[in-house]
Structures are given as structure tokens and as C-alpha cells.
Amino acid sequence: MDEFSNDATVIRIRASFAKQGLMTTLGAMLGEIRPGSVEVILPVSRSVSQQHGFVHGGAVSAIADTAAGYSALSLMPAGRGVLTTEFKINLVAPAAGDLIIARGRVVKAGRTLTLVQAEVFADRSGDQKLVALLTATMMSLEDRDDIVD
Amino acid sequence: MDEFSNDATVIRIRASFAKQGLMTTLGAMLGEIRPGSVEVILPVSRSVSQQHGFVHGGAVSAIADTAAGYSALSLMPAGRGVLTTEFKINLVAPAAGDLIIARGRVVKAGRTLTLVQAEVFADRSGDQKLVALLTATMMSLEDRDDIVD
Amino acid sequence: MDEFSNDATVIRIRASFAKQGLMTTLGAMLGEIRPGSVEVILPVSRSVSQQHGFVHGGAVSAIADTAAGYSALSLMPAGRGVLTTEFKINLVAPAAGDLIIARGRVVKAGRTLTLVQAEVFADRSGDQKLVALLTATMMSLEDRDDIVD
Amino acid sequence: MDEFSNDATVIRIRASFAKQGLMTTLGAMLGEIRPGSVEVILPVSRSVSQQHGFVHGGAVSAIADTAAGYSALSLMPAGRGVLTTEFKINLVAPAAGDLIIARGRVVKAGRTLTLVQAEVFADRSGDQKLVALLTATMMSLEDRDDIVD
């Protein structure tokens, strides 16, 4: 465990992620957490497939949205909560392989709205291929007891 | 069961939906199926939540994308397969209630690309509230043994 | 001139539209103004074309964005200003004809963010065909002397 | 004039751009042209403004869409034509300054569909600030006499 992984942001994001029932249901895990950049990893299985056997665009979107949301949250002060107001995703290749990896990155952090991108890769035996690109608007909420982190 | 629900389109969509591992994992079900319009219903539970307890935007997106995809497929001749090339979703209210209902509707069917919308409602004791709006581009593929329906 | 067209909202939107240098440059005009719904009309000419002779997607987007923005503004109290934070447009058919008509409609008005759609039609001798669909998020600003209406 | 600027792609894009009535109307110019990356530059004036005096989101979108389209075209063989099927733009800061510069970049080139991004910067005395981010799907058409380049 490196120095950074002990810091408050990592703890905050790990605690929040653990509360996401959907991520547990999908079997998704947090990967690297850096200020402004968070990774979410989904092992491929039939339980996240669409009808042709590829990973469902909805599962790809779910981990990309989560990676994007925590990328935004990683730059917000404690006490703030993050909500996705909109996202767009382009699915550029069928998602197939061993792992699907979504890497979020803050493009522009604002007081109320933060623009984030997430690139999604399919990893097959270490070989990574771009399968999707998401852009999302995240809203920062404060003084909301029900929406923190 | 009315006359329409027996027809080939309904059988085709029900068979395809049954192959979507993700829909089974989420607990989602098909609702009404009409030419150009398909409904997908998600019972609300902790297993599809995000960190604040609302239904995860990724789960909302997954059923909206599925409803949109089958709305497009319902107008395609047999032997064709449908893939989502992109979608955008606006999440206009936290998704909370008993059921989340996505209603797809074809806006413009083309030979290669079909534009579809899906409205998503949260249903609480029969009272329905709009929580999201999706627009998606669906691609029709033919002569692909691996991508049918 | 009917009763509604005299009211404060119409005056406010007409005054704001007149300040849009781009609308004058494109030759665009306001059409019907109703609470939550505003129309912008663009006469077709070479001066708004792309390389194949159709109306440029950027011109289609510009009037759709404007129609969407004023649809949102029409529901905001005086003193507020509106800014587009994002939009997505699907261009479903080449834009050709005599007039391009964008019709905005508020989907969900919120305190800070308003979701609006605009359908864009190409009108040829009174025959109208859908050419584009836009969804936009509009932000309401207050207490900003530089951003009013 | 460097070696690259003489090549067939640059000639092709310059000839196509010259046919875009809208670009002339807006006063926009081509900037750098590289394989997979094309720049469009818009001098700021009242003629491209919205109601608060900033550059209109529609004008920003128009040059970003054009930069994106030519970025895609720059990788297509001769005889092909490019059409925008959809784009999404996030407007992250009011567009103000001397020049608005849109820089397209192909993310994934496919046989039928190409995904492109464009970053848009406002330049004030050489100081550049991100004002918008666009992602677009471009369709490649062949054997269409009316849609070439």
C-alpha cells in the first residue's frame, strides 16, 4: 500500500463505493485512485452480458459513470456529495475480453458542475482495446445530509 | 394474452431478452411490447443502488438502453441484429420508488441507423415521476451470424 | 397580434433574441412563443450550407439551441439568465428545403438545471420532415448583472 | 508552406471547406491540418454572439463540428464523403476572447462510423482556455455523387 492509498480521499471513495449495491451486484472493483482520476474494473462473465454475449452497454456505462463520478468527487472537499446529471457514451467496439476497465479523468472542475471523461478498455490477456468513451456532467451538492460522497 | 403478444416480434424480443445476462442479474423484466415501443421494468432494491440509496444511474441507463434497443429491433426484419452505438441520458431526478420503468420509442427508423428515445419513470404506489430521458443511436446489422436480434 | 404575444415573456424573449448577433447573421427569426415552448425559424440559403449543399449541422444546432434556451427562459422569473451547459443533437436526415424550424419544449424545469428538447423540421412547401432532435441542459443564473435573460 | 500542406488531403479539405457557406458567413478559417486532426478558427465579433455578448454556443458548435468532420475525412480514402450523425457538446466556460479555436482529433476510425473529439479553446492574447468539448459520430458515405468530401 503506497503513501497515497492511505489518504483521506482514497478512504472516502472506498467507503462510498462499498455502499454502491450495483457495483457489488455486477462484481465491479475499484482500481487506481488518484486526484482527479479513478478506475473501476469489471470482470467479464455471463452475468453482465447482452444478448450476443458481449458485455452489456449498460454495464459498461455503469462502471464508466462510477469511475467518472469518483474522479469528480476526488477533487471535492469533504462534506460534498456528487450526482450525475447527464452522460453520453459512444460504444466503439463490442466489449469482450477478461476485464472491462473504466478510467475516469476530470476535464474541468467547477463549483457546481464538473465535466469528466471516462475511457473504457477491454483487456484480454493484458492487451487493451478502447471500447467506449463517456463524457459526463457531475453536480456537486453541499449541506445535504442524504447526499454526501 | 392479446393477439399481438403472440406474434413473432414479441417472441423474438422475449427470446433475445432472456439471453441478456445483465437483465437477469439486475432483476429486470420486459413490460409492454408494441411495434416501435418496448418497456423494461426494474424492481427497486439495494442490489441496484448507488451510494446514497437511490437507484444507480448505471442501472437506469441499462434498462433504458435495453428498452431503446428492443424498440428499434421491433421494427427490423428477421435476421437483423441491433447494437447500441451511442446514447445520452439526462438524469433529472433521483430514482427512488418501487419500480423503475423505461419506455422506449423509435423516433426515426433508418436502414442502418435508428434513433430511439426512452423515458424512465420511478413508480411509487402507482404514482409515476420522470427520472431520466435517454436518446440512443441503434445500428442494424445483417448477415452477421454472431449478431442476430 | 393575440393577447399572449403582448405579455412580458414574449417581450423579454424578443428583446433578448434581438441581441443575439449570431441569429441576425444567420437570418434566423423567432416563431411562436408559448410558456415552455419557443420556435426559431431559419430560411435556407447558401450562406448557411455545409459542403454538400445541405444546411450545416452547426446552423441547425444553433437555432435548436436557441429555441431550447428560450423555452427554458420562458418559465424563469424575471432577473434570471439562461446559459446552455451541454446539448446533444442527432441529425437524422440531411437538412434541405425552404425553412428549417426548431421547436423547443421544456421536459423538466428545475431550480438550477432545466432539461429541454428541440425537434427540428425541414419545411418544403409546407411539408415538414424531422431532420434533428436536440436535448439540452440549461442553467438558470441569478444575481448576475452580466447574464440576464 | 511545409511539405505536408501540399498533399492531397490538405487540398481536399481546403476545397471542401471553401464550399461551406456557413463557415464563410461566420468568418471561420481552417488552421492546422494533420492526418486525423484538423483545426478551425473563429475570430470573435458581435456577429457570432449570443444575448450576453459571449460567442454563441451554436457558433462554437459549428466550428467544433466542422473540425471534427474534417478530422474524420482526413483519414478516409478519396471518393468518400462525411456526414455528422450526432454530436454532444459540453460548454464549460463562456466563450470570450479574440479567437475561438476548435481542434478535432479522431478517437476511433471505423469503416462506417468514426468517433471524433474536438476541444474548443478561447484565445485571448495567446492565452488559451478550454471552453467546450465535443464528441461526434461521423458517417462515411461512398458511391454517393452528391456526398463527396
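Chains: A, B, C and D, in written order; residue numbering restarts at 1 for each.
One rule holds in what follows: a residue touches a chain if its C-beta (ideal position, glycine included) is under 8 Å from a C-beta of that chain, and two chains touch if they have at least 3 such contacts.
Note that the structure is predicted; figures quoted are calculated from it, not measured.
K.L.:
Report the chain whose CA-based centre is farthest from the CA-based centre of chain C.
P.N.:
For chain C, the chain whose C-alpha mean is farthest off is A.
K.L.:
A-D versus A-C: which interface comes out with more C-beta contact pairs?
P.N.:
Higher C-beta contact count between the two pairs: A-D.
K.L.:
Centroid from C-alpha atoms only, then distance chain C to chain D, rounded to Å. What do you get?
P.N.:
Each chain's C-alpha centroid was found; their separation is 22 Å.
K.L.:
State, to the nearest whole Å, the distance from the C-alpha centre of chain A to the C-alpha centre of chain D.
P.N.:
That gives a centre separation of 30 Å.
K.L.:
Quick one: chain A and chain C, Cα centre-to-centre, how many Å?
P.N.:
The computed centroid separation for chain A versus chain C comes out at 34 Å.
K.L.:
I need the residues of chain B touching at least two other chains; which ones are they?
P.N.:
In chain B, residues 85-86, 88, 90, 137 touch at least two other chains, as defined above.
K.L.:
Considering the complex alone, what residue numbers of chain C touch chain D?
P.N.:
Residue list for chain C touching chain D: 16-17, 19-26, 45-53, 56-59, 61-63, 65-66, 81, 83-91, 94, 146-149.
K.L.:
In the complex formed with chain D, which residues of chain B make contact?
P.N.:
85-86, 88, 112-113, 137, 139
K.L.:
State the interface residues of chain A toward chain D in the complex, per the touch definition above.
P.N.:
88, 90, 92-93, 107-108, 110, 115, 117, 130, 133, 135, 137
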